[in-house]
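The two complexes that follow have chain A in common; it is paired with chain B in the first and with chain C in the second.
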Partner chain A sequence: MHIPDGFLNVATVAATYVVSTGGVSYAVKEANKKLKEKHVPLMGVLAAFIFAAQMLNFPIVGGTSGHLIGAALAAILLGPWAAVLIMSCVLIAQSLIFQDGGLLALGANIFNMGIIASFSAYFIYRLATSVLGDGKRGRLIAGFIGAWGSVVVASVACAIELALSGASPLAVVLPAMIGLHAIIGIGEALITGAALSLVLAARADLWQLQKV
Partner chain B sequence: MKHAFLDRYSDRDSFIHRLDPRTKLISVFLFILAVALTSPDMWPAFAVYFIVIAALVLLSRVPVLYVLKRSLVIIPFVLLIAIFVPFFKEGEVVGSYNIWLWQVSVTHSGLQVLWNILAKAWLSILSLILLTSTTKIADLLRGLEQLHLPRVMVMILSFMYRYIFVLVDEVMRMKQARDSRNFGGRRLWQLRTIGNMTGTLFIRSYERGERVYAAMLARGFDGQSRTLHQLSFGLSDVCFGIGFGVVVIFTCIFNFLY
Partner chain C sequence: MKWWHIALIVCLLVAVISPLASSSPDGLERVAEDEGFLAQAEDSPYQVIADYVFPGIENEVVATILAGLIGTLILFGIACGIAWLVKSRREERAG
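Our next item is the complex of A and B:
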């Protein structure tokens, strides 16, 4: 879902940059307010974690493979604004160091996979735990749904940006992106769920981290 | 650690390697913006952009083959999004083919969209590759800090850069352990294994973060990071910046005049 440069037109680039800059600056403000300096090395290591976890490819249909985005895991464990910060750093590094996602498209990528994915995961998770209860089972199912939802919602945002830029008609790109990511999302959801259940079993205290 | 793949060739020496990272960051941004603003039928402008970037690649002494290979990362996205456009876009039909039961027609405007995306994506990716392979990551981060990326983010990025290698090694070890235990079976089972690996990796990363912070505190960390190496914005930066800026901006403006 990392959009390279050349796909988005300048109007879309400008709009997504404005929104993402606003979102990230607010995340920085929240982080400075609520987090102590202790959390900075921690978030750095966790950004590296998301990065390394994205290297674990899993097979999808027909020889293609997908990998974790990680926004849902970060948002559920650390809170949405911390997830926005971590994902933004991961995306900046991916764009500048690996050319995975473009520089002008960085605003859009941060918007989709940072802001949209983190918040949709967080809110779906909160909503689901309030329905299912805050027990172990409830949390895992909520994490599962949240992770799946975050991938699909982010892919919708990505499709809309591409269509607005005239890269592809909405009627083509929207079903294609949703279809593909509804499948990739199952992988994301299962992995997030399994990771959450392992964290619950091994270090349940990490659920009580302060959320930002 | 066997993952010295991050900023390959950035330790070579050339005129471009010696430029200030800020100059390079702003130039690349300007270049990609100019490319994005150019209308698809202005092929002379694209030729100028290509000559500029090709000359810079040659000047930088980064192997051309490496740059070309690296630029293939855009292919999956092109295949996913753009390749179908010529068949779906309405407009003047260029060619129409019968493939088994389907009547497939290619339109002029669709082909133009495809060319537009391919040319722009490729030129942009070339400039980004040039940036990474001529700038050390530590310098790049200092440049971003000078360009007012929030300090918290610069810190997160620099920690991330330090620990990527350690964690990637960790992932490789876990993968090796998994594969030596006969990894396979049903897809659901595979995903569960990867999920457990992700969870383990999270806990290990978190605990490593705590240890790192304790070690840093013990060495007098006060929230600032200091380096001996200072960035310097010199005459060559001014010359390059002005020269590059004039060529790119004029090419872009020329495109609007016609």
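Our next item is the complex of A and C:
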């Protein structure tokens, strides 16, 4: 869902840069209060894993592919503000070094796949665990739902930006984006669920760190 | 070995299998193509490791793996570095 340059108009580029700059600054502030020494290697591993896993596009229907976003995994394990920092590192490196995602569109990409995806995953996960319980099963199912939801909500944000920029009318681009990302989200949910099970099996204590 | 040594090796293994990725357009590209605004996309004004293919290597599989390994290590370093820089210093002061 990396937006290249050329799709967004100046107003959308400016607005998303302002919001994302504010969001990342606030994430730094929150991390400054709550992030501890123990969080540091997990932040590094999550950024490394999300980068590598994002390279692995999986085929869905009709000659289309999707890949992990990863914000859900980071937000569920470490909390939404830490996830915003991790996703920003990944998206900035992808744009600057790998020419994936435009330089002008970077604000929108951080907004969609960093801020929106992290917070939607976190809130859906919290809501789901309050219903399903905080046991292993409840947490994994909640993680699965949160991961799926984060992709769909991020695709809604992306569709709105495209429509506001005049790339395509909302009535066309919104259902098209939601339709494909509801399928891609299943891949996100499966990968997130597998990663969370691995954490539970190998180092369950990492999931107990204070959320940032 | 610390847990994150093993975890980082797993991440590097994921990067090694990255040439297996589907090369079909992703969800956004597909929508852009179907709705006729894909041509609006502009190329970056410069290229470093564009499209996850390390430049100057003829074998594309090797070039992709190399790009993946470099990126994975860079992201591990950057995220650890930023986390270390911004983390709370309260414990240290109290101790």
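Odds and ends about this structure:
Everything that follows uses one rule, which is that the second predicted complex is superposed on the first by the 200 of 212 C-alpha atoms of A that agree within 3 Å, B and C clash if a C-alpha of one lies under 4 Å from a C-alpha of the other, contacts with A are read in each partner's own complex, and residues count from 1 in each chain.
What we mean here is this: contacts are C-beta pairs under 8 Å (C-beta built on N, C-alpha and C of every residue); 3 or more make two chains touch, one makes a residue touch a chain.
What you are looking at is a predicted structure, and each value in this text was computed from that prediction instead of being measured.
Applying the stated clash criterion after superposition on chain A shows that chain B and chain C collide.
In the superposition on chain A, A:T192 contacts chain B only, with no contact to chain C. In the superposed model, A:I141 makes contact with neither chain B nor chain C.
In the superposed model, A:K33 makes contact with chain C only, not with chain B. Of the two partner chains, chain C is the only one that A:H181 touches; chain B does not reach it. In the superposition on chain A, contact of A:S155 is made with chain C only, not with chain B. Applying the stated contact rule after C-alpha superposition, one finds that A:I76 touches neither chain B nor chain C. Of the two partner chains placed around the shared chain by superposition, neither chain B nor chain C is touched by A:I124. After overlaying the two complexes on the shared chain, residue contacts for A:L96 are found with chain B and with chain C alike.
The clashing stretch of chain B relative to chain C, chosen from 73-81, 91-99, 181-189 or 235-243, is 73-81 in the chain A superposition. When the two complexes are laid over each other on chain A, chain A has residues 2-7, 28, 31-32, 37, 40-49, 51-53, 55-56, 58-59, 85-86, 89-90, 93, 96-100, 102-103, 162, 167-168, 172-173, 176, 180, 202-203, 206 in contact with both chain B and chain C. By the touch criterion stated above, chain C contacts chain A in their complex at residues 2-4, 7-8, 10-12, 14-15, 17-18, 20-28, 30-32, 34-37, 40-45, 47-52, 64, 67-68, 71-80, 82-84, 86-88, 91.
On the side of chain A, the complex with chain B involves touching residues 2-10, 13, 24-25, 28, 31-32, 37-38, 40-49, 51-53, 55-56, 58-59, 68, 73, 77, 85-86, 88-90, 92-93, 95-100, 102-104, 162, 166-169, 171-173, 176, 180, 187, 190-199, 202-203, 206. Within the complex formed with chain C, the residues of chain A that make contact are 1-7, 28, 31-37, 39-53, 55-60, 62-67, 85-86, 89-90, 93-94, 96-100, 102-103, 155, 158, 162, 167-168, 172-173, 176-177, 180-181, 184, 202-203, 206. The residues of chain B lying in touch with chain A in their complex are 6-7, 28-29, 32-33, 35-37, 70-71, 73-74, 77, 80-82, 84-85, 88-89, 113, 116-125, 128-129, 131-132, 137, 140, 144, 150, 152-153, 155-164, 166-168, 170-171, 175, 187-188, 190-192, 194-203, 205-206, 208-210, 212-213, 216, 221, 223.
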